[in-house]
Amino acid sequence: MKVKVLLFGIARDIAGGAQQDVELDTGANVDALKKKLTGMFPRFNDLKSLMIAVNNEYAHGSTVLSESDEVAIIPPVSGG
Amino acid sequence: MKVKVLLFGIARDIAGGAQQDVELDTGANVDALKKKLTGMFPRFNDLKSLMIAVNNEYAHGSTVLSESDEVAIIPPVSGG
Amino acid sequence: MIEIRETPLDVAEVTQAVTTPTAGGIDVFVGTVRNETRGKKVVRLEFEAYEKMALSEMEKILIRAREKWPIEKCAIVHRVGTLLPPDIAVVIAVSTPHRVASFEACRFIIDTLKETVPIWKKEIFEDGAEWVSAHP
Amino acid sequence: MIEIRETPLDVAEVTQAVTTPTAGGIDVFVGTVRNETRGKKVVRLEFEAYEKMALSEMEKILIRAREKWPIEKCAIVHRVGTLLPPDIAVVIAVSTPHRVASFEACRFIIDTLKETVPIWKKEIFEDGAEWVSAHP
């Protein structure tokens, strides 16, 4: 399946765009997505943290993804 | 000597005026003034506290008064 | 900025007075008039100050606060006269390089103000009036 | 009141939004842009938000704060876009019946916002730029 991933902040700069399509096996979970992404963009490994949000909620590694999910990479936040 | 005493808040209400002349022995201190005042207005004894300010500073009981001092009764404060 | 005023207080003005490009955090405390106290409806409050001494005591509080925290700028403005719920009675603002100090200093300032600054408030109820905190 | 805006923030407006006759204390935290960080001059900041999620995370923070303190009203307004020192990046306001809770709740809200809300800031220096907190 193809999952559309939104990218923000430094993650967008690293990937070179605000959105990235990622090919994953059907039934893949958040951990699989993170593994795939750090393979595509090794500089993600240098970040202090890398969270994944699914449908506007922080997701656990075991959360299963589907093509209709809104998926986003959340690099370390720094608001306020 | 005659000391002019300024009164505020409930102290003014008790004394019935914003200023009160008090006759004291020359060289009398703040404790002597408080004793005189509570004698004149026994309801001062009912207050949670009764501080005396001399020249805009909280004064100790041993502070000696003179006629030229600006003396004020400070009942319990409640600003803010 | 240390003032006692009879006119309405302006939170933006006091915040602006402590804003500086070297500070990252500003904490502002706004004391407002509640419409009830101890279960009784408050119609209005009357604030009065021993103004000269009150300003001097506020100055002392800010000096003590500056000894404890790295304060960039700080301000206390207190209103006197007749106030209705929810009028603003006091605004305190503190700017510091980092935010934790601004919270701590602002809380210290209002806590100490309530203990030492010669300002008094009388609560006017529908059936009477009372000087706040006067009696044990 | 939970908002993300591109336009300048107004401290008085946010304070007004939490003012109520049942509250006696309002604590307001104002986060401003500093002109230097770690010894380097900051030319400007660029803030961006994952807006829908950021609003939802702010809502969660206010729900958690209401579980901990007797909050009358609370507000978070965060700005995005380009900010210059000493522009206001965030205003948080909390009104409570008594003041101690307003300080504690306001501090909890800004502390938690900085940990969980998906907003990012890039510091632009004279000789480069850096996403704040991105690297260990």
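Residue numbering begins at 1 within each chain, and the chains themselves are lettered A, B, C and D in the order written.
Here is the rule we use: a contact is a pair of C-beta atoms (placed from the backbone, for glycine too) under 8 Å apart; a residue touches a chain by one contact, two chains touch by 3 or more.
From a predicted model like this one, the values you see are computed outputs, not experimental measurements.
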Common touching chains of subunit C and subunit B: none
Farthest-lying chain, centroid of Cα atoms versus that of subunit D: B
Subunit A and subunit C: spacing of chain centres that average the CA atoms, whole Å: 48
Centre-to-centre distance between subunit D and subunit A (centres being mean Cα positions), rounded to whole Å: 25
Shared-contact residues (touching 2 or more other chains) in subunit C: 31, 110
Pairs of chains found to touch, sorted by chain label: A-D, B-C, C-D
Subunit D-facing residues of subunit C, complex: 10-12, 15, 19-36, 85-86, 95, 97, 99-100, 102-103, 106-107, 110
Residue ranges of subunit D in contact with subunit A within the complex: 31, 47-50, 52-54, 56, 78, 89-90, 110, 113-122, 131-136
Touching residues (chain side subunit B, partner subunit C) in the complex: 6, 8-10, 13, 46-48, 53, 56-58, 72, 74-80
